[in-house]
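To keep things simple, chains are lettered A, B, C, D, E and F as they appear, and every chain counts its residues starting from 1.
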Amino acid sequence: METHRAKRIEIMIETPALRRVRRALENAGVRGYSILPVEGGYGRTGSWSSEGEVSIASDMDMIWCIVAEERAEAVVDAVFSVVDRQIGVVTISDCEVVRRERF
Amino acid sequence: METHRAKRIEIMIETPALRRVRRALENAGVRGYSILPVEGGYGRTGSWSSEGEVSIASDMDMIWCIVAEERAEAVVDAVFSVVDRQIGVVTISDCEVVRRERF
Amino acid sequence: METHRAKRIEIMIETPALRRVRRALENAGVRGYSILPVEGGYGRTGSWSSEGEVSIASDMDMIWCIVAEERAEAVVDAVFSVVDRQIGVVTISDCEVVRRERF
Amino acid sequence: MNDVLALAGQNLLSPVVLAFVLGLVAALARSDLSIPEAMAKGLSIYLLFAIGLKGGVEVAATGLNAQIGLGLVVGVVLSAALPLLAYVLLRLMSGLDPINAAAVAGHYGSISIVTFVAASSLLQSVGVSFEGWLVAVAAVMEAPAILTALWLASRAGNTGNGNGNGGMPWREISLNGSIVLLIGAFLIGWAVGPAGMAEVEGFFVSPFKGILCLFLLDMGLVAGRGLRNSAHHLRPGLVGFGIVMPVVGGLIGAVAGWLIGLSTGGVAILATLSASASYIAVPAAMRVALPRANPAIYLTLALGVTFPFNLAFGITLYLLMARWLTGG
Amino acid sequence: MNDVLALAGQNLLSPVVLAFVLGLVAALARSDLSIPEAMAKGLSIYLLFAIGLKGGVEVAATGLNAQIGLGLVVGVVLSAALPLLAYVLLRLMSGLDPINAAAVAGHYGSISIVTFVAASSLLQSVGVSFEGWLVAVAAVMEAPAILTALWLASRAGNTGNGNGNGGMPWREISLNGSIVLLIGAFLIGWAVGPAGMAEVEGFFVSPFKGILCLFLLDMGLVAGRGLRNSAHHLRPGLVGFGIVMPVVGGLIGAVAGWLIGLSTGGVAILATLSASASYIAVPAAMRVALPRANPAIYLTLALGVTFPFNLAFGITLYLLMARWLTGG
Amino acid sequence: MNDVLALAGQNLLSPVVLAFVLGLVAALARSDLSIPEAMAKGLSIYLLFAIGLKGGVEVAATGLNAQIGLGLVVGVVLSAALPLLAYVLLRLMSGLDPINAAAVAGHYGSISIVTFVAASSLLQSVGVSFEGWLVAVAAVMEAPAILTALWLASRAGNTGNGNGNGGMPWREISLNGSIVLLIGAFLIGWAVGPAGMAEVEGFFVSPFKGILCLFLLDMGLVAGRGLRNSAHHLRPGLVGFGIVMPVVGGLIGAVAGWLIGLSTGGVAILATLSASASYIAVPAAMRVALPRANPAIYLTLALGVTFPFNLAFGITLYLLMARWLTGG
């Protein structure tokens, strides 16, 4: 099966800010993304856990987004122009996909 | 610690079709895979969210599967021969693992 | 946007052992990690699913941890010295991040 | 006429219907109110178990007769046949392509259990009883429509994906969780009878209507979100179908119920089942068997148009049909 | 005095307060006891719906009067003004930097619905009734405090992140799920009245207090976990604020309630609302609008200090204030 | 004899047992019926809280005596000693290797709280009461068996992984959530007494048995899935052990209860505790401390063999033993 290079952008973001990041991604023209729940973590501000939480205030989500290589930089820029830089973690890495025209 | 190259196959698939993809992976001889919940997303068919859903019809899952490099292509082919090509997203990328004989 | 190389360490671990792996990561000096729920899987010991489970005995979690390249090896070693080697899956891969000083 | 208006008003002002409206309005206004998926699935399991149990207990109390066999057969026939009518109506009214028309048609042959529950709740409010075994009829009506839909799609030359892997979703159909739960709880109710029910009615009876409120709040939220995201798929012809089809289906179901001699309540229930559109079993099967059909169309139509119509007006109408037919 | 002690004892030994203590102790002792997130959110939805409904039904039964308009205005004013007082107290007592002080201040103008519920549960135990429409006052008090907090932060030259993207969280404020649910259920209760309530009281009334126990067990677990993880942020000045502020806020609320002529129970409830600190709506808004403020500070203070204080002593005190003011 | 059959029939035809059977059959038939994890955990929290509370309230009503101290000691001894018996039986009957035998043995010293609940539900149906403080005995029986199991494993030269990192799961044992919840709710019940219980019985008493049905439906689904996936691990000798061990353990527990002078109901309960096998606390501890033991073996045996046996026949048998011993 022929595969093509693409970029995987993974964004770890506070749930209260999720709506804004989604809008930024859509405006930057990504063809799709998926959101995975995150149930806890540890960072400079200490540990957190979603267990028993009624509020979404301390929750985070992971956005998993596959984009064509040539579009990756613009997408990352768009995300950063919206997300406060002190929030969340953004990573970019290489991957291969099968049907290039979908990304 | 000595590490070895392996392939990480990530498959984003509709929950109703999950059972079939699992069977395909098992028949293709993977040694293991894990399934992560996905709680929402955006694509050509619009946005979806699992919030409040009683039906699994619009839900998706992520399959995370580490395979030995030499087995990766056969596994991807097997997945594709079963999954309708218009459903889901399949990506392949490089990673390192510690105990090669387990993958 | 300028990006820097970093390592993504992904650990698939039994939930009952999660607390110990977290302590090992923190002692190894990682700046942060996140925990994603896993809802099922397949391996040498058969299939499992968290559906309807009251006990966490057969559950697993995914730890997603971004570390600076130079720290990756020490972190993997620390994890392995604590986790029983017959449990879980540990993978290391390359990625790019934006603010190097945070990892 | 006054009577009709009073009945409609009583239905519209019930906490159950208003909870649905609250959810719908909240979602349309983009509120971030949401019900966790696990809670929604839990409420649904509760409702299925409770109504299955209740139906079985009633059968244990009143006994069986030949009518139940007839009822089951009629249910299967209605479920298998209504999609044909739906398909024709869809092609005439909406110009939907054959694959999507087949997928939508399948939903209208099958049933929506929460519409059944809402109807039985209205019947209870107005003091009309119905045959307990209609729960079993509801269960057998879930699946046959799927087969008809797939046949319609294959006639149009489209079975699943090009290489035939979509295939028949036999497993997905026959062991669908909601059917198993409904039938299972029905059999338990039948086995334990009223004495067994007395032990558990503090959970399956007294809080039932309140739990139904929360479930309908959730349905409203999901329906509203669907409408917001997919309203552009709902051309007028489709919306028209989403209202005409339940009325026609309801009438056919009512006549069938009357022909086999059901009580007034029973006729109203069979009409409601025929009029309702599936939102659990059928969409999941379609996603596997007809991946080219657009879920945004069939889900939005069933949940965003037909369900609210039935909840607000349909079930009142089907009760009126039943009264008129049976003189009840 | 005996009377006061009896009241305090009755409150402290209620299953509801003890369930909170159990959760707190379990979390502080690092037990792995935990409540699933979906269950906690589900319990919260239940409580909001139930108390909204109950308030609305009471309004349907007793009718409205001009007082309700006055009450809503007073609620908005209290919510908008209390953060100013909180900010001054914080700067004096704790030396917290302006951004964090503004964020914390916002929490104390807004309200905690579970504190409201605990107070109404105590009132019910001692046979004191209150105006049902205070539920609507609770809802309108959720948001104004957020605006004051953001204004305080902007005065200190810090609106969100440097490039201004934090911005005003209008959407997050105005369509916050808990406000929508509380107001919506209130309107439903008003529409259906006591007759409608009778249909659903097997779910929204009889099991209410028991469900509240499980919810408070969860609150105790979350508060305890927060204290364990973030106790080092709580310098004595901050802890002092977390106890002084509710007492002062409660007194202001009590006087306001007395001025507009509320009943003894109503005065106690308005005092409780003024004394309580938000832990749902405000933290989420602050996370977006003031990302530089440290959530560990505002969450731990509201949930780990002020909430337990109010639950154990505050609401008893506010009831005593109300009795003293109204002579009730 | 007729009496025995009537008792067995009454148990087998209770909604609770039938719900388990429904879940088991659905899972074995590969239905996709499933209960969300959060709901299952929520049901379990409810049951633990409710039975802890109930036990405590009974102690508050009837007072304490020296017997409770004796009961707690006997519970600890039974939990610590039964794994030795289980280990010997396992090695004789099944030829399981020492590590897996030790892990399985640990499960049979500890207890299954849902088996306790099912037994108390049967006792209630037949009008037999038991000592409320046996809930506390259940709690203290959870953990000692784990230590015995680890000692057995270390004797066989296998403590955790080669480099010793498995180690003793002290934290996992001592602050296990289900033990904390059970003891905590027991103390709350004791503190609030019957008057406090009256406030919350609309939630913790009336719906109890119905909620238990849903929980057992879930247990059936999980047990059936385990059997389907792991039946090949269950050689006849193991299955035999899974039935012989509870009978022997039950008899030992019954005799112990009779020796310390428990009532008929109390003897039946202590027998049930001794006969039941843990499926929450012990498997999680084993996963950490004995990672080389195969979870498929111990989980399937405890949940797929012994639990159904106890539910269907065991608890009836233990009640008969108790009657025979006490002449009750």
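What we mean here is this: a residue touches a chain if its C-beta (ideal position, glycine included) is under 8 Å from a C-beta of that chain, and two chains touch if they have at least 3 such contacts.
None of these values were measured; they are calculated from a predicted model.
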item	value
Required steps from chain D to chain F (each step between touching chains, minimum)	1
Touching chain C and also chain F, the following chains	none
Centre distance in Å when chain A and chain B are each reduced to the mean of their C-alpha atoms	18
Cα-centroid distance, chain A relative to chain D, in whole angstrom	38
Chain A-chain F separation of Cα centroids, rounded to whole Å	45
Multi-chain contact sites of chain F, meaning residues that touch two or more partners	34-39, 41-42, 171-172, 206-207
Overlap residues in chain C, where contacts from two or more other chains coincide	36-37, 39, 85, 93-94
Chains touching one another, given as label pairs in label order	A-B, A-C, A-E, B-C, B-D, C-F, D-E, D-F, E-F
Chain A residues touching chain E - in the complex, by the definition given at the top	14-17, 19-20, 39, 45-58, 81-87
Touching residues on chain A, where the partner in the complex is chain B	1, 3, 6, 8, 22, 25-26, 30-37, 61, 64, 66, 93-99, 102
Chain A-touching residues of chain E, taken from the complex the two chains share	34-37, 39-41, 43-44, 160-161, 163, 165-166, 171-172, 218-219, 221-222, 225, 229-230, 279-281, 283-288, 291-292, 294-296, 299
Touching residues on chain C, where the partner in the complex is chain B	10, 12, 36-44, 60, 62, 73, 76-77, 80, 85, 89-94
Chain F residues within the chain D interface of the complex	13-15, 18-19, 22, 25-26, 29-39, 42, 125, 205-211, 213-214, 217
